[in-house]
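Below, subunit A partners subunit B and then partners subunit C, in two separate complexes.
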Partner chain A sequence: MSVADGIDVPLGDRPAAATRLNWSKLLPWGFAGLVFALCLVPFFLVLAISFGRKVEGAAWVWDFTFENYQRFFVGTLWPDEVTFLYIGQLGYSFWYAVIASCIAVLTALPFTLLLTRLRRSAQAAWLVFILSSLSLSEVFIVMGWDILLSNNSGLPALFKSTGLTQWLKDTGHFQTLRDWGLANPRNVKFKTSDFATILTMSYLVWPYAVILLYPALSRMDPSHSEAARTMGANNWQVLRTVILPSVRLPLFGTTLLLFVFLLGTYVAVTVFADPAKHTTAVAIYQNVRGANLNAPFGATMAVILLVSAGICLTLGHMLNRWAAAR
Partner chain B sequence: MPGLVLKGISKRFGGVTAVEPTDLTFAEGELTALLGPSGCGKTTLLRMIAGLEAPTLGAIFLGSVPITDRPAHKRKFGMVFQSFALFPHLSVRDNVAYSLTIAGTSRGEAATKADSLLDLVQLSGLGDRRIGALSGGQRQRVAIARALAQEPDVFLLDEPMSALDAKLREDMQVELRLLQQRLGITTIVVTHDQREAMTMADRIVVMSNGRVEQVGSPQDIYHRPENAFVADFIGKANFFDGVTEPGGVRVGDTLLTAEANFLEGSPVKVAIRPERAGINEGPGPNVVPATVTFVRDLGPMREYHLDTGLGPMVIEYAVGEKGEVLTKGETTEVRLPPEALHVFAVPRAAPAQKVAAE
Partner chain C sequence: MRALGHLYMALSALVLALPIVVVSGAALNGGRSMFFPPQDPTLSRFAEFFLTEPVWTNALQNSIIVAVGAASLAVLLAWPIAYMLWSSGSKLAQVIAGLGSLPFAVPPIVFGVGLGFYWGFLGGLGDLWAGVVSHAVLLMALPLVTISIGLQSIDRSHLDAAATMGATDAQAFRTVVLPQTLPYTLSGFFFVLVLSFNEFIVMFFVSASSYATVTLQIFNSLRNGYTPTMAVAAITFIVVSIAVFSAIARWGDLPRLMGADQSRN
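What follows is the complex of A and B.
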């Protein structure tokens, strides 16, 4: 008698195995469906609404009109009159996002470089601290900066009470601040200003910059910098000729990512930016949920913002490939 | 190019002493090898010389000029790193021309000099290649050319052969030595490979646990080791534990005739190189019976593993050398010439003159 003779093969199990096989085949389709439902359906919905029409005194109706797109690019009175109000808002979105993302990356780079030179335990402690700061919501962070930069308390009050304002006036620097829109006749003021807006936006994404740059910088071979030093390069030359080229790709990718993220910043711009310099994100909120109640136009702006971000990412990718090929 | 002098140089990392206070002189135009096992402090010493680590104590002089506080980028010391540290974002030519570009040399002049250095290291025509397209040996040559581009006062190499395969390593050792002799640059090579050190160096500094154990020519280090560590680390040696007696050292029941400058009764280690012991060489001092336990034929060398009254030992015969051909299990006699025996102190033993002075 062989060993196999003692094995009882339950023939009835075959259909059950087939059922499991079907499930494993269905799982990827299930995930694809989930992604479609959660990501693409809302987008297509917004796209469809962007062609809708607002009904005066009521909500809006489904339609297929390009009026909203025309309004965004040249204004409602085109061709008799052309206005670039909304393109201007898109421009401010880009301006704030570009400057804030560049500042965040440029300040995060030296910090992260120093961080990678610390002991492992110290690095871990800093990373946990930085990661934990990500748990703060944008509203909470903006509230903190609002208090810090408000005209009646925070830094302006500190300037006045310490005599710094008077010193600025005596030395003539106060007028420079006034020219930059950072002072009124009595004291320095940071609200509303580009300075406060960009500062807060940079602060919002700074932890992301550190977290995104850290892996690339920690993997960098320190012997490259040391080799450059033995060949006569000072610290600045090492940074310019060795470190920056080595982390060009992550640096560029981080800046691009933060830029796209900041295009949608809403609270910081609402609180700190001059109303004349509000961004597309603020305009979208005002149209969809705010006073205007023009969801189709809000959806149009959202689509245009999304397409703009996509174009930026594509251009960035092409630029990077071009630079790598050189 | 003046020589390099280290005076009382030491390095501590927190509570760990990486390099104990060390005095060394690297003669002008000589190639010195810092040799020792991993973690003995040789790379730390090299990095202090390069200016990449600040010494905890001591001073470094280039000739008579103190350079201890001079930063690495102002020392003009060319260095080849273990990983070669070539810049992947630059071409081979731009890597070699890096120090020249940094110094403000015009692009054309730097490229011309880089090409001539690539000729020197036999890489002509590879200037436009990316670093990733080079083999290990080619990368090492680029690293050498790059370090030489600034015409360094001192040339430092940190385990430059460790990333190469055995055959290429041997070829490069000879090439590097010939290049150094041609250029006459004061050169310091860090290595843990005693064969590499013996091949290349005018002088070897043997290090262990942050200490310099011995400094000397390769022949000195091999034939006149100053302690058991050097005898063990450089080449092969048979060791026997013994106690000094008048006229020699007693190992087990055998009294070996040897020159031992220790107080009578001091525990010592006796060492002999495998090629210095002889088999069946007739009567004389230090002849002990032995049984062959294993024979290893290495082609140019024959190795006998023996069980003797002193303990197990290995004897080597080169092909062409006279010597009886033995097989496993045969009994024979081993002669340990007194002049070939090295007697070293074990930690509890004290040299005779030191004890006498106390």
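What follows is the complex of A and C.
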């Protein structure tokens, strides 16, 4: 019987069935290859080129040298001379990103909490607004704040015309602003300053903070807060003992994600930060595309930025797990 | 306390809207410089941006080609991954999904530098199609998430019902899976569309100055000072974003896409 069955099958069918089987097995692997080539190879290239060498008057050549890394950490002339210029730039990257992400999350938390208490349709309307501002290009945002903060228009002009500048001078607060670098002898000034840089950067990620906090806060059970209130807790106590502990992990996770995102900010820093306080992202640009034309060194800084981000994410993840286990 | 809450939300909205309002207002200026409030208001800047100024019309055309192309390609790349993840949940599918989300998770400047080298070797640097592929890869994570949410919302009993009634896998896919995930697929498409439209840094490295999208053109013009025509671009972009997200909110479930709790309404 089985022999007859075997003969009955038309000859053409078997290979067809075999190829179909192979197709369904091969397709995921083919796809894996495609995604690998598109998503991962660019990062490998950055890593490989970071060990390359610049050729004076030409481009660069493949090599395997740690010179670029040495230059980043201690300078080219080490051990005779040590410079921490590039480490300093990385430090500014961290400084701006830490402060801006913390400000964004802390101010977005109450907003998101209030948002989740609204009707569903009202929430959708707010989300449209938040998402539109989230997707608005960095260049437009910087342009807007640049107009608002520049010396001839915007806030400084407003300060002057409303007499606020004069009032600050009379009360002596003007000197404090000057000490902070937020005023010249005649009027307040916000460009260039850390204040403007951090303001714009936290504005940049604020909608992201809302969107990232939204799921966790909207799943929070309101009956816990109500129970606490019935037992006589005031708003502050409810916030401190019920809400904050239950959103501690998403709060921390959001800050971390925004921090990593902000490490690579380019436009806001070039426009608003003091040139002496420019970040690694700006230096990467200058080496890869800008005046310096030292692609391997740019790639080295990109690798170091990526590794720093990775270390922060890993540390954060470990801290999260440790906190969750306790 | 309630009033205080409303006040805080209003204040947040105000600060959020402030730079957008200022830029929009500046678009109405009659002269060549930006003033706020606008002086000698006119709408002729809109004609310049959309019709007469080749620098801007070319940039707008490039932006549209890149955004639509990248959104289509990103959805095509994300669909099989999301489907594999949903139907098999295999280790391989998880790895592919992880890899696909990687470019979106790292600081974009690093991926931009990488893509600059990548297309330099493959010979696409400065070509528009390389820009399309770059944005599709960068933003693939978004349709991957929305389509996955859509697939998870399918009631498996519908699939069982289709199977008992004799539908083949392909038929069940066409009649059950595809229609139920369509809103999520479209949401993913439009998320990529809007973000690609506004993306700057990756395009900056990939275009190698041989073509400009609107955001690139604006950055290039930053050094020469602002012109009201740039503000028209900003208005166009914000209007497109609001229209797209309103459409998603109207025809899809925006709070659910953003991860809101299902049980409360």
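Everything that follows uses one rule, which is that the second predicted complex is superposed on the first by the 306 of 326 C-alpha atoms of A that agree within 3 Å, B and C clash if a C-alpha of one lies under 4 Å from a C-alpha of the other, contacts with A are read in each partner's own complex, and residues count from 1 in each chain.
The definition used in the following text is that contacts are C-beta pairs under 8 Å (C-beta built on N, C-alpha and C of every residue); 3 or more make two chains touch, one makes a residue touch a chain.
Values in this document were obtained by computation on a predicted structure and should not be read as measured data.
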Just checking: does A:P207 make contact with subunit B only, subunit C only, both, or neither of them? Give me first, second, both or neither. second
Check the residue A:L158 against both partner chains and state whether it touches subunit B (first), subunit C (second), both, or neither. neither
Could you look at A:G232 and tell me whether it touches subunit B, subunit C, both or neither (first, second, both, neither)? first
Partner with the higher number of touched subunit A residues, subunit C or subunit B: C
State whether A:V61 touches subunit B only (first), subunit C only (second), both chains, or neither. neither
Should A:P245 be classified as contacting the first partner (subunit B), the second (subunit C), both, or neither? first
Is A:L106 in contact with subunit B, with subunit C, with both, or with neither (first, second, both, neither)? neither
Determine, under the contact definition given at the top, whether A:M318 touches first (subunit B), second (subunit C), both, or neither. neither
With touch defined as at the start, can you tell me which subunit A residues reach subunit C in the complex? 27-29, 31-32, 34-36, 38-43, 45-46, 49, 107, 110-111, 114-117, 120, 123-125, 127-133, 135-148, 153-154, 203, 206-207, 211, 214-215, 218-219, 235, 260-261, 263-264, 266-267, 271, 281, 284-285, 288-289, 295, 298-299, 302, 305-306, 309
Subunit C residues within the subunit A interface of the complex: 1, 5-6, 8-9, 12-13, 15-20, 22-23, 26, 34-36, 77, 80-81, 84, 90, 92-93, 95-96, 99-100, 102-103, 105-111, 113-118, 121, 133, 137, 140, 194-195, 197-201, 204-205, 215, 218-219, 222, 226, 230-231, 233-234, 237-238, 241-242, 245-246, 249, 254-255, 258-261, 264-265
Partner subunit A, residues of subunit B touching it in the complex: 50-52, 71-79, 81-83, 85-89, 98-99, 102-103, 146-147, 149-150, 156
Can you list the residues on subunit A that touch subunit B in the complex? 221, 223-224, 226-234, 237, 241-242, 245-246, 248
